[in-house]
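Before we start, here is the structure in question, set down as structure tokens.
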């Protein structure tokens, strides 16, 4: 199975990205993580994206805030699927990062997940990689089932709690 | 290579979806398209998503406007990657569809592209399917190169046009 | 009198939903509450909505945040009135949940109340059920009168407070 | 069965309201329609709401644009369920009307439907009135079934259309 | 000189309204303050506005949050100038109150000040009343001069502070 | 009675401003209109505002679009009430002009009306001037009554129209 | 005097960019214009920015729509001032381009002008270049004076027009 | 080398402005800072801008919140480049200040940076002044290199951190 890259624009994005990496590793996916900035290390971003396919990656996850160009800058130089996580920063509640990530021009898509949606970026990456890995696909089905059972369990607890209101 | 499904919430989404289907077919991807509504034919949506993996699909593209639940409703019932196209309707300029599509809760991602981004949804689907199909991967690289050359050609034309200003 | 269902997409919605349940019970309405997720337990949502009318419910209240599809997913499968409470989550101040809940396509309405408006969802449910229950209707009239008197009392207190400014 | 009132803030709202009235009449619901403005005829609004229950109405639909106070002004004076239709006007794409209608303070709910959602307001009103009218309930179930079949029919047509792309 | 009325939709608006009242009193304007709700005490609102001119008021200030109808409801029943203060509440940062207050339909203006702009509402009221009271006009000119001098003084302090950076 | 000034930032604002001037003249108010730009003729704006009170104006109306500073720039130099009309321009639907006009800092209020609300600016100006002119006050009451009657008349017409649906 | 570069992300931006080029040329500034896309020709963008200073440019103007990364991508690779023009495209009224252009992370500024503000980008570029060119500085002063006179002339015309209302 | 002016609309803007001044001084640029308000000290603002070029300034930075007119008011009276920093205040997350600063009318540009982007305003000012000062240009290139190296260093640290997840 190919590797997943997790690129963050700044080390301050780590709180969101950490959950993403944990989910990927929990699913048995090999992860390589980097701090690379589209604006501060553009050559690094270009080099990484240019070589990503050759280097064994199957999917790239990019997390960035504000005028979040990172995912788009990587997508400009690879035909691998690039997943963008818009990061909420100190103003505008992540709307700037969401629009900067999702509103890509025709020809260069970024697969955008929810603001601060690190966990979902990992799952989406796994869904993509699972197309060629039946073991991973089964883990995703199991995870979905467990998620369902967790909700059902919470439903039971709420029933009891509501009785006493 | 697995098939791509293109689901639209209403036949009025066809103008955006048509470009998506053309791009997929142009890349040699087998496409099955449907009008299925999360709200008007929920059983149809459930049945399609439940059987999508078994039926040979590798990726699902869902286009919907307003409170655009279609992509999320499908993603709820499959571990295949689901790509969402928010459709601009008569009010709010597509912002409602964008937020309804992208802001998915943890555990159920939708890979969201730009508002009315039918073409990019197709390319993203192809990028995902290309992970297991070298021929498709090469077509994507060629398409990217052609896109680059088209911009360079336009650059030359603009040079001439600007001289005369 | 028919029962009211209160469905929340996650147990984290309980702080808003609790006031809703208290108001319903305070008005003597029989309540059944559940955690059911449109995205994590779609079969549970479908089963609940399909059977809601037969099971003696007269109205369904659904609370959810972010890409809030819960109310719409239930409304897709019942002709009972469905009331949606958009929940404010960690980004976008509830605007995503509001638009995902209220902007329903033609044919499948959701009666949307204010962001985090648990109390109003309960009162709206009571207003609907009161059409067939004179006792409940009188309670609502009394509640409205009490609300009015409470404002008048506050007005008196403010008068005194303002004198001393 | 009780009557439905359809109140519009201005006769310029008629294009949206007309569909609402047609749907109500098509379902066999007796409709009384008025132009009443919360700001230009506040006494008329007060009188109508104060007497609505006594006059045999079971539900009130109110359509207004901009700082859309009409639904709230009526809801302030009745315990009947009030449905609000935010109308899109020449600026802000209906966002002003949506927020003015839906963000009601605790104690006075307005059941808000989508911007320009006249049809859904009618169906929601019918769903409410159907709680006491089995005939109407059956019509709503039939309408839902027909809506589903219409989508399935469109799905077939799209299949053919897509073949030729 | 005529009196100023300060109406708040809820006693929770007092923190913003208090500064407004202090400024009015500081300028020697007679103030009458009330808690009156457009939605909870609509008769009280109607009665107040209907009698405001006769009762010696020259201007009405109304503060309210969310679907802020208070200023508009008063303006509907008086030809006195009505000043609206949109109050920021727990969601949407006051945008809902701003749009509900300012976007009034043709014929019924509300003079809207900034979100939580209690102080400016008081000054605007004073500017209006000063048209018939030279003493008040002079106070406003003096206040404006003092405001200017305060900025100039702060400018000096900042100079010193910046030297040491 | 004092005069009203109507200042527009650009002659392209005339379509909105024209209705404002007509309403003022129709109420018998003496009007002086100017094109003065806060950004292109700042000295002209300063000179006008500095002399406005001395020159016999009682109220200033300012209409501007985009980063609409005109009303604020005038309010900075006069203690006369300044009414701001945010003008909708080619992008952002007037939201930029609304926020630039209404969100004034403490100490310098602008009485803001709806986007493109030329008519309401005129009525608000008249309400202010009417505090010292009983004749004008009576005209405003009459105008309000006529507005009410016009709505009632439209109500009758709609009744007939609805019968035939 | 150094040259100005005008880069557009797509030849469809030409209508806005044309005015920009005309203004620059009208001020006697040497202009070089290109179609370069941050996403479609990232190497071209990198090469241009890397060599811009050496190639005699003093300022770079970049126009792009949607997730407008062009200005930021150029600013990442040069210490020349980069001016960004957000272009309005078919959805969201240019808000996406504005936020993608202006909300740059610390360290890499983009001097952003108004949405579609091609003319202002040219004037800002000229203001920057004029710091080392007294002749250009005088042209800007003259242009500002002419702009002022044009407003004064329009003021006179409006006076006449208003008389006849 | 010419001086940089840093003007803030209120001393409460100092937390954002301080970093701006530090960056300028760190680059060896002579700075003069002032508290000047477009609305409270309009004559001060006019005087400063009118004399800025003569007084040896090469660039003006203006920071203001809410209806942020300061940068525009200065730009109205000088042909020096004016950089605007929109300040986030207690409501609307800085969107009001951003739109009030950036959406300037044709003819009077403001070079707008990110909300609270004090650091970037300083760098942009330095980039402008560096066009005539090779020493400063070299410092900017060095700063850009250091920024790059800092990211690369953080990348190494993250690698280690991610290993242990």
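The letters A, B, C, D, E, F, G and H name the chains in turn, as written, and every chain counts its residues from 1.
The rule is short, and it goes like this: a contact is a pair of C-beta atoms (placed from the backbone, for glycine too) under 8 Å apart; a residue touches a chain by one contact, two chains touch by 3 or more.
Keep in mind that what you see is a predicted model, and the values were worked out from it rather than measured.
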{"item": "Topological distance between chain D and chain H, in contact steps", "value": "2"}
{"item": "Interface residue identity across copies chain B, chain C - same or different by half", "value": "same"}
{"item": "Chain centre separation in whole Å, for chain F relative to chain B (CA means)", "value": "48"}
{"item": "Chain centre separation (chain F, chain G; CA means) in Å", "value": "34"}
{"item": "Where chain C and chain G are represented by their mean Cα positions, the distance between them in whole Å", "value": "51"}
{"item": "Multi-partner residues of chain E (at least 2 other chains)", "value": "10, 37, 40, 66-67, 92-93, 95, 102-105, 107-108, 114-115, 147"}
{"item": "Chains grouped in pairs wherever the two touch, ordered by label", "value": "A-B, A-C, A-G, A-H, B-C, B-D, B-G, C-D, C-E, D-E, D-F, E-F, E-H, F-G, F-H, G-H"}
{"item": "In the complex with chain A, residue positions of chain H that touch it", "value": "88, 93-95, 114-116, 147-148, 150-152, 154-155, 157-159, 161-162, 165"}
{"item": "Chain G residues touching chain B - in the complex, by the definition given at the top", "value": "6, 8, 10-11, 14, 18, 21-22, 25, 31, 33-37, 40-41, 44, 66-67, 90-93"}
{"item": "Chain D to chain E touching residues, read off their complex", "value": "9-10, 37-40, 42-43, 46, 65-67, 69, 72-73, 75-77, 92, 95-96, 99-105, 107-108, 110"}
{"item": "Complex contact set, residues of chain F against chain E", "value": "2, 53, 58-59, 79-81, 83, 98, 102-115, 117, 119-121, 123-124, 127-132, 137, 140-141, 143-144, 147"}
